[in-house]
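Both of the next two complexes hold subunit A, though its partner changes from subunit B to subunit C.
Moving on, here comes the complex of A and B:
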């Protein structure tokens, strides 16, 4: 139990120190880098009075360290600041966006796993067959094709030509099907390769040979002995895949015109809405960090070896 | 034929047509000719024309130069810095290691696209914003690779021997450690190039990357999307070229992994 406690403690410590670093980067980027936020927002032709009043509204007349402290304290309390453009709290803006992006991400991860695990297992057990070769080629294509392109083609085919799905915008879960499918493709491609590689390495192990030698059915060998261990590797990768997925949602929301976090962030970037961008980037970083943290803990339960690293 | 060779051929193909585009295009890629808009592929316009009547083939030929430049420069910058910081972490002792790896963890939690959006808010969208973001996004991978290798071989007899002979840490790094991980790093460079091209294309598609009048495949897709149902050929070629480039770099990296 002691090793477990030490491991968890170390992970928690790591989580907070990394979170602190991300906050420094997110906040610091806007302070250290050249460019006056007030001029950025109002443009170079703004009157000096307007610039001064915006600077004090943004708190730019106070020292950076004070502003950082205030920003961090407010962030921890759940106050992400106020959007300059919309003049309402960032948190309110996020209200509708968060559930949409989350639903999309979860649908995509589930789809990726549903596709990747069976395909990976089959292509590992049937090595050298045409089926396995097709899967290898498909996974390469899945990783190479840009998601936004696939999305555009999907819309063209499934929404415009045969009209099964809506072509864009958000109107119920059905409008998330095409985006989720698009989003899951590269993830499924990578995961398939991982499952395949994991299974192939496990299938060569002594205990699998022993299981076969003692006469267990191929099914039991595959699913009870091999998959249980192959899954650990997949699980490690799945955490990283979730991170990538978040970056992917920004692009996919643009393709399908979905009003999620990505669209909000992009609007913030285009309108130079610093508090909005700052809050959202910080939140995304924290989210990614948290997901990885949770995955680390689950991995520790699945694979006791990592506790001693 | 081996996978790596396929990858090499695909990359060579893209480099070749991009080089041709530096000197020759069948039409002026930026010239607007409204009468020619939405021409389907034909003998004159092999890939058709877009909503401004611009020749798509010509735009494809010139659309890759900045993608390749931004991708190449970003990965070069990111890998150099990553190897440098990773070496300090690996050789510098526990304090440096702990500090640098925390920074790497922090960077890991911020994908290139997020960094790019953050920087674009301050600097405005554009080529340099994307280049720097992708470079920064690539630092942690190379840091971890270099560091973990150094930790593995640090106590090996041949390193100890070099140290006993009075070799400086600098010499040990450049003469003994880095030559050893050259292959691993090259694989990562190839895979990173694929990722960088994809990230640049995505950002240009989002409108944050390469800006008109500079052409880019990602931006072409952004501009063509509203007309995809009217003129499907406008969205086929740019996406295909991005996919071929990424596939090429991935395959080159892939085969190297298996050779190790």
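Moving on, here comes the complex of A and C:
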């Protein structure tokens, strides 16, 4: 178990140094961008005197390194500071946005899997039939259609014409159905192709033939034996899709007027709102690192070769 | 028994007359982004003023025709030197239930003129002293200032309890509505304030300003009934609502000057002939058709015709569309192969489209234009703050008084990112503040003529202000400033 402990330790060390780097890069990026919060608050009404006075009110007149240091010290203590854009604590802003974005991401990816797995299997086993061809064309379409446009079509149809879903905003789960459906489309399309390709590559293999030869039902062969191997890649991709969505979905949030992480991040960057942007980037960065970390651990447990790399 | 019924009827009648027309209804208004802050001394954003108008009031406030009317001041007096104003207060209550005192007024206005606190302090620099009296407040100016009352009507000069804190998210004002909740990226919720000094009760009990960033979604939300009113519709989506029988579109001037800013100091634009040529080569009619679907109002002056009294309507022939003369002027100035950069703010599709059309028109007289589309913060820093640009396009929000708009072109003014400088113009701007009546109008008309003749910039259009709402909504009023007057709406 010694090697395992060293491996985990190395991973944890990597975790923290990467997190530190992320915070440094985010801070640097906001420093390099032209303009600061004072510039953006005052807009075309600014005068040099007003800019100086507002900068000192906002604490922007201190050197960058001092501001970064202060942010870091507070962050380590669990204090994310107050948003300049909203005059509200960053923690509170994220507290409202995180549940929405997470629910939306999970809904979208699970829906994508629910659609993709059966369609992919069917199109792999019924190759050459019209049904399989239709699925291939649909998945092409799903990948090609711009999401904001699909979103607008969904609103037009489901919220304006037949009025079964709200046309925007956030009042509970029902508000997330259309956005989740929109987000799910291109992802389902990609996953369908993955399932199809994965299944096609295993269906010709010996162990499947053996399973069939044993007299197992076609269903058991497909869903138990073939899928187990054919689907490993699919779940990896689905995991990546999930982490991408967890970081926020700016376009879809704009179209549906959802107060998610994407909108917050956009507003933060537009206003050079350092505490807000830092908080959001750290959140999604840590999340992705954490997910990867967990995946690594699982992989290590499953595959002994990883430990000795 | 009858007596008891009598009392009951009287009480009922009382309720009915007080709340007769008021309803428990909810009004949903769509806006594209969150307000910035409700701290009256920090915000300069028009989008915030639009909401704050319902929540805050000053001594005076703006009316729908650009007039100034009493708000917390019932009336006021001006002495013969035109430097001492005495404002007599009404009995008014703040949203927290406390009464408005002369000390609250004095404290708020003193903060409004403190440059360490207020972003608009410079506009109140003529104030010498503010003295609370019995039931009145006396404000002494260093010199007469004809724009003073208008300045007092703006958000920067509103009154709030002197010990209020955290106004940025929890404003306490005296307006017909009070803010009850602000959820970023979702909505700002206002509720009817039943103790407003006017004793008029607004029709809607609750008003939501709902944030919908995408203009297509805004329209769909209006059609689905989730939204009742879009106070500012993008002209590009007008065709989606024009023919809908359940909706109505009310249009008016926005009192915004869309200007093609020219960096007057940077060669070759320091040559009057070059600026003049750029101006003559712009076909504004075509731009308005192409970028604003024909709905903009063509401009020839640095202020909008929305400011009817002061607008100089005799300038349309100063810079007519004349590409031949433009070409001749460039040749005369020795810049036949002129090339420069046109910087455009990506945040404003109207200005970007305008810029693309103008660049094309300039190319027809042989100018080589390099278009650069930049993000808003970059635009502000480079073009506005550092004045490091050749030409650009932006909309300058109108105000109630021409001074606030025209002073921008005065030599050395901190907001003069045109770097425009003209001695006679500077004199006129100084005179304008002191003058009154007809004389003042004449001065500003002359100032506008100078801006046009000197081609300080190219004044293109006042973009259309399109308010779209459900047919049942009545009482909409266009204001010459950024205002959604929720208290005047009913159905």
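The rule we apply is simple: the second predicted complex is superposed on the first by the 225 of 309 C-alpha atoms of A that agree within 3 Å, B and C clash if a C-alpha of one lies under 4 Å from a C-alpha of the other, contacts with A are read in each partner's own complex, and residues count from 1 in each chain.
The rule is short, and it goes like this: a residue touches a chain if its C-beta (ideal position, glycine included) is under 8 Å from a C-beta of that chain, and two chains touch if they have at least 3 such contacts.
All figures in this text were calculated on a predicted structure; none of them were measured in a lab.
> Determine, under the contact definition given at the top, whether A:39 touches first (subunit B), second (subunit C), both, or neither.
After superposition on chain A, A:39 lies in contact with subunit C alone.
> Considering only the touch criterion stated at the top, classify A:174 as touching first (subunit B), second (subunit C), both, or neither.
neither
> Regarding the shared-chain residue A:152, is it in contact with subunit B (first), subunit C (second), both, or neither?
The answer is both, since A:152 touches subunit B and subunit C.
> Applying the document's definition of touch, where does A:160 land relative to subunit B and subunit C: first, second, both, or neither?
Both subunit B and subunit C are touched by A:160.
> With the two complexes superposed on chain A, say which partner A:87 touches: subunit B (first), subunit C (second), both, or neither.
Second partner only, subunit C.
> Identify the partner contact of A:263: answer first if only subunit B is touched, second if only subunit C is, both if each is, neither if none is.
After superposition on chain A, A:263 lies in contact with subunit C alone.
> Quick one: is A:96 in contact with subunit B, with subunit C, with both, or with neither? Answer first, second, both or neither.
A:96: touches subunit C, not subunit B.
> Looking at A:66, would you say it contacts subunit B, subunit C, both, or neither? Reply first, second, both or neither.
A:66 sits against neither subunit B nor subunit C.
> Once chain A of both complexes is superposed, is A:47 in touch with subunit B (first), subunit C (second), both, or neither?
Once the two structures are laid over each other on A, A:47 reaches subunit C alone.
> Across the two complexes, find the residues of subunit A that touch subunit B and also touch subunit C.
Comparing the two interfaces on subunit A, one with subunit B and one with subunit C, the shared residues are 33, 35, 40, 148, 152, 155-156, 160, 254-255, 270, 272.
> Name, in rising order, each residue of subunit B that touches subunit A in their complex.
Subunit B reaches subunit A through residues 102-103, 105-114, 117-123, 125, 194, 198, 201-202, 205-208, 218, 221, 225, 228-229, 232, 235, 238-239, 242-244, 246-247, 250-251, 254.
> Along subunit A, where are the residues that touch subunit C in the complex?
Touching subunit C from subunit A are residues 33-35, 39-51, 53-54, 57, 85-88, 93, 96-97, 148, 152, 155-156, 159-160, 163, 166-170, 253-260, 263-264, 267, 270-272.
> Touching subunit B in the complex: which residues of subunit A?
These residues of subunit A touch subunit B: 14, 17-18, 21-22, 25-26, 29-30, 33, 35, 37, 40, 140-141, 143-150, 152-153, 155-156, 160, 243-244, 246-247, 250-251, 254-255, 265-266, 268-270, 272-274, 277-278, 281, 284-286, 288-289, 292.
> What residues on subunit C touch subunit A, complex-wise?
33-34, 36-37, 39, 42-45, 115-116, 119-122, 166, 168-169, 183-187, 210-214, 216-217, 220-221, 223-224, 226, 375-378, 380-382, 384-385, 394, 396-397, 414-415, 417
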